[in-house]
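Next come two complexes built around chain A: one with chain B, the other with chain C.
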Partner chain A sequence: MSENHSHKDIEQQVSEQQKEQEVQKSPSGLRIFWREILKDKLALISLIFFVLVSMIVFGISLILDLDEVVKIDPFAIHQPPSDEFLLGTDKGGRDVFGQLIIGTRNSLAIGFLVTLISGAFGIIFGVVSGYFGGHIDNFLMRIVDFFMVLPFIMIIIVFVTIVPRYSVWTFSLIMSAFIWMGIARLIRSKALQERELDYAQASRTLGSSHTSIIFKQVLPNITSLVVVTMTLNLAANIGIESGLSFLGFGLPEDTPSLGTLMSYATNPTTLEERWWIWAPAAALILVLMLAVRNVGEALKRAADARQRRA
Partner chain B sequence: MSKSLFGKFLFVLMLAFVLLIAACNSDEGGEDSSDNDGDDTEQNESDDDDSDSDSDSDQELYSIDDFESYTGEGDAIDGGSLTFGLVSQSPFEGTLNWQFYSGNPDSQVLSWFDESLLQYDENYNVTNEGAASYEVNEEDSSITFTIEDDVKWHDGEEVTAEDWAYSYEVIMHPDYDGVRGSSAGFAYLEGAQEYKAGEADSISGIEIEGEKTITFNYTELTPSLLTGGVWGYPMAKHVFEDIPVEDMASSPEVREEPIGFGPYKVENVVPGESVTYSKFEDYWRGEPNLDEVTLKVVSPSNVANALETGDVDLVDSFPADQVVDNIDMPNVQWLGMTDLAYTYIGFKLGDWNADEGEVNYKGDEMKMGDKKLRKAMWYAVDNETVGERFYNGLRWNGTTLIPPSHPAWHDDSIETPTYDEDKANELLDDAGYKDTNDDGYRETPDGEELVINFASMDSSDLSEPLANYYIQAWDKVGLNVQKLDGRLHEFNSFYDKVGQTGEDDPNVDVFMGAWSVGYDVDPSGLYGRDALFNFTRWANEENDELLAEGLSEEAFDTEYRQDVYSQWQELMVEEVPVFPTLYRAMMVPANERVVNYDISVGSGVYLYELGVTQEEPVVE
Partner chain C sequence: MTLLKVEDLKVHFPIRGGILNRKIDAIRAVDGVNFEIEPGETYGLVGESGSGKTTTGKAVMGLNNITNGEIYFGDELLNKGNKVNIRKDIQMIFQDPYSSLNPRKRVIDIIAEPLRNYENLSKDEEKKRVKDLLEKVGLTAESMLKYPHEFSGGQRQRIGVARAIALEPKLIIMDEPVSALDVSVQAQVLNFMQDLQKELNLTYLFISHDLSVVKHMCDRIGIMYNGRYVEEGTTKEIFNDPQHIYTKRLVAAIPDIDPKNRKENTNFREQVKEEYTNSYYDYFDEDGLAYQLKPITDTHRVALPERG
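For the complex of A and B:
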């Protein structure tokens, strides 16, 4: 359906979409996506839940004092949930609720950032490669192949140990540097098809520049693919971040993230008796990932006319 | 449709799972609450949560004084067998010979079937209780040892003076590739270096006088000789004679069928995994109680479980961070002793001069050069609370650099700084560290910004909260302390940074480490001018003198030596190149059926007396 839009419509949409991509949790600019989500109740609930959690987490973390949350209190070690500590305290007497909020914020922020950075780079890389084809494509794809054979988790771990001080930003950059290849390959194969289509050929004959064809014509036409992949990647990236933090190679332990909270459960006693430290984080990871996935699945269906329910 | 159904299913499953965990937990909480009675330390911080008693078991307070190092005598049955757990992450190496072993796991395996001819008392001095007795001849700086008559190897041969001399010849042999041979017993032995260099055929300082008597001649007598310096392990010459020294460590006589003269003999070795011992009836102290002992490797994460199910009766050590959680285990008794170790915080005061092989103390140039600043940092931390809260009393406030595990040398009359924030502030103000630009942190007396880099190790679950706690405490007195590189460091990279290779990381200002100390109290290996392990790179003349005096011939007089080391401990409190933070308890669990076992040195309880009160381990 999107292909049937008039040229003007498309251009309008492009600018909207580009804005939307930065916050792809709400792809509402595309009516078709929106309709599919409205139709699928589970996806709708998931979307509402995800937006709600994000708002709560980012909202509360604005008021929370990070120094207060990570402050060690020897007199409150391993307290179970109570009025004072909603979700109890950990081995350093730190409030788990506060850590959960800030941890979720950090995990989500990393998830978003990594998806955006790796997505943006991967898309440009893929579309350029696919559009020009030939030697350029050959060369660029060998670079992708090279990055693909690297064991990226290992390399991220090594990087994290070398870089002396890192924050949410540097960590996101390190992660992005090694996971942009998937999306690049996907976009490239799509762009290969697009450039053979009449509109691209015609544009070229009429004298449009490559840049304008790539960004104003090819890219908008593969937006649906971009949105779907990035949504699904978001879930995966939150998972990778949590996994790395769990192993101790993510954010430092005193910068809470969902993974660091989970890693407390490596202590057998904490696992058996102090559920309040890790269970909320575990549940949140699971629910968040499911929610993002549900939305992603709905979008995927929307992008493919044969699977659409709406 | 099926996909969304599956999603719902997952969600429900997850909810059920969370609820299940919550339910399990509340049951456990109920059980725990029964053993909190009389725990008065809890009250001051839990005033408002009236019904919450779940966590109180975590806050219970223990003291090393509540634990004995001895299991008690009990009615041991005749015979019986016992399983000993060797707690280790990895398999043991299996170099089963005192001359060649290198790791603690191997030494645990060894101590069941072979022992030293020398026995030590609770102050780690050689006594005459062992298989050999000694006599010091001061006029010619020698020590004569006589081996008891009925000391026999497992194959029935006598343990002779010849065997003892042979172990020296092997260790000092030019082809010897083990790690022994640097202690005072070798360093001061006459003719040992010539032999090692290949210039002599035998060690001139060793005189064999008859089958069982041997005299070692030393260039100088030092008290270290009798506190672990003399090498007391003989080597069965009749077994090893024909093996070239360089092949010994890999020979079957070391790895598969090792020989000793201890209370149990090796029946079978499963490399890296387990060893079966049977009793050696001709053991020189008497016939051992147990028929059979099995040693097996248990991983630290399984050890609590293995003890609870009776899979092992006894272990060599127990992971410190699991002690408190398992202290109520019904079928074990906990043995405790003061560990020969302490945790400390050190200040970088110079660097290592590799050419001279000594420290290069730079005092005033360094960020931490001011004694008052260092002392204030000591006053600012509350180690008593750390010990009580993080370790439930099983670690406690350290005072001097000789831990109480050496009761004869530890001077507890010395006044050391204890937590006092006002005093810390006062000292800093005095020294000119004032907040001149109102950023909440003190600046140096010259008005420059002071950021102190703190290096700490990531060694246990508690490393991170502890490091943050100390940083917080210093923050309170206005010192801006940051973790080096913003994080903790892994064991080896930590010691690389503080200088185990001699290349100190110049960014480290303060660091937290731990030392375990040997039998010999002499601290020159850690704080001497020429000690690489003197990580603070601090030295002064008084220190040099005291350390030398502690090793002099006069120091053979215990009182004199005690006085020297008291002065030294005082000097270190005065100068604060490092300050001890925590002393530690070593806790070892034993099954209820184990009797006649003592984990401390010099208790007069020996391994051959070890017994069990029933055939099967107690399980509950």
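For the complex of A and C:
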């Protein structure tokens, strides 16, 4: 009698376990990313911080009048922080706080744009090169090599001098033209691996065209790599923009960015005595880049099951 | 009428080297293979790894570039994969059920891929077709929305089969379809494939290195070695009356389950091995390649040197 009972118990247990297994689906890629970020407190704080800063910056810059901010006011030159000018004014009597907001927006916009443009181009270039392989790959990779050899900072400087009026858009395009190679190489090597797998060949036997195999079969399998690289690139691109603007080859003064604010610090007096002009911008660059990087590192770990913490 | 006719098929892969990456030599993966497959039969292609059997299958499928030779499907000549409507009639089942299904796609997308390429179906029609196919291979309709990794190896191979029969092909090339599977699942999948063959009137080109599986599945068998045929015949002829020394050795290597015969088998194998080493040069030329096939009976052909 008791034996009978235990037998039933076991059966019940087994069926319950089976149910549990059926319910437990393996998590999707997005959820793995999310879980890893939740687990990594630093990345979570970084993400919240970054989203917050972006929202504030893009929100306020909608209200702020750019012409008002960059208007030269000879009676308010180099004012320290006060109630009227939250972060003082620069050598043109322009409100530094307003410039900081619009500058951060411009820097972020350039960072995003450059990442998207160079990323999109690099991914397509790399995946085509890797998927077809052989002569096509050889040819496309030599183009990449050619671009890599070019001293891109010098060329950007020349471009900037030639183009008379440039804005966030033109500047992003110029920068993207010299930054897409890294991601193209990375994606190519992954695509080379993927095309050898049977599923790519199977698609071929099922009558799919090369284009549909590249975009519908191979690309979805390298999305995690794409997400990770794009995030890490974003951090780098914000930095490159600021660096070029700092050197004076980025955006002009009437289009403020974090870099143009920083470049005021080339004046020794400003550097020593008028910290309010450059210090906030410097801090923001540092913190923003670190924040994006932290998120990127968490995503990188999430993309590789062996490194995952969650 | 023959369904598939392969004439003097050669697939060579270039070895590049030296200055300017010139072609300095070639790996002769497939080196002059002839065979014919009749509709409705299962033709086995057997050989050790590296013998060129998979390359032959892929060449028929159009996945490899053919160096030389002709492949006829029915009356039409297949060359580098440009005859779309004929390709539809030839499908392939891959060896590895793990890498042959795209891990990012749901089962419905995997099975519907050929349908989307060749047939304009509405979403509902497509769903119904996929459901029918899944039921045909013994999976439930609920599997449609799952991902490949949620299935076992045998189930995955069934999904591969469902995908291959979706377009109602005439010929299916099976590249070691069960060698990645558990022995317990192998028989199940094989029998299911045989049932499917009867039901849909399919022709199989069965590529395998497993002789016991081949014996179970195939009507006729071709044995390959180093890119060439060494022997071809009906299953009975190959297993009961192997002529070529390589075939003899292969057949002798099939394990016998009965432990009583162990000693006998070992002796027999030793004997065949000795014969193999002694007469190797009688059966292969100085490059270690097989000779041209000579017919012994109507169905039986063996690669023997010209004598006298």
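Annotations
Quick note on the criterion: the second predicted complex is superposed on the first by the 281 of 310 C-alpha atoms of A that agree within 3 Å, B and C clash if a C-alpha of one lies under 4 Å from a C-alpha of the other, contacts with A are read in each partner's own complex, and residues count from 1 in each chain.
Here, a residue touches a chain if its C-beta (ideal position, glycine included) is under 8 Å from a C-beta of that chain, and two chains touch if they have at least 3 such contacts.
Being a predicted model, the structure only gives us computed values, none of them experimental.
Because the two structures share chain A, they can be overlaid on it, and in that overlay chain B and chain C fit beside each other without clashing.
Of the two partner chains placed around the shared chain by superposition, neither chain B nor chain C is touched by A:132. When the two structures are aligned on the shared chain, A:58 is found in touch with neither chain B nor chain C. When the two structures are aligned on the shared chain, A:204 is found in touch with chain C, with no touch to chain B. In the superposition on chain A, contact of A:220 is made with chain C only, not with chain B.
In the superposition on chain A, A:147 makes contact with neither chain B nor chain C. In the superposition on chain A, contact of A:74 is made with chain B only, not with chain C. Annotation for chain A, partner touching more residues between chain B and chain C: B.
Superposition on the common chain places the nearest Cα atoms of chain B and chain C 31 Å from each other. Chain A uses no single residue to touch chain B in one structure and chain C in the other. The residues of chain B lying in touch with chain A in their complex are 3-4, 7-8, 10-11, 14, 18, 21-22, 25, 28-29, 44-46, 48-49, 52, 54-55, 58-59, 301, 304, 321-322, 325, 382, 385-386, 388-390, 461-462, 464-465, 468-469, 472, 485-488.
Those residues of chain A lying in contact with chain C across their complex are 25-26, 197-199, 201-208, 217, 220-221.
Note for the complex: chain A touches chain B at residues 40, 42-43, 70-72, 74-80, 82-84, 88, 91-94, 164-166, 252-254, 267-269, 272-273, 275, 279, 283, 286-287, 290, 293-294, 297.
Here chain C touches chain A in the complex through residues 61-63, 84, 87-88, 90-92, 94-96, 99-105, 113-114, 117-118, 147, 149-150, 160, 163, 167, going by the rule given at the top.
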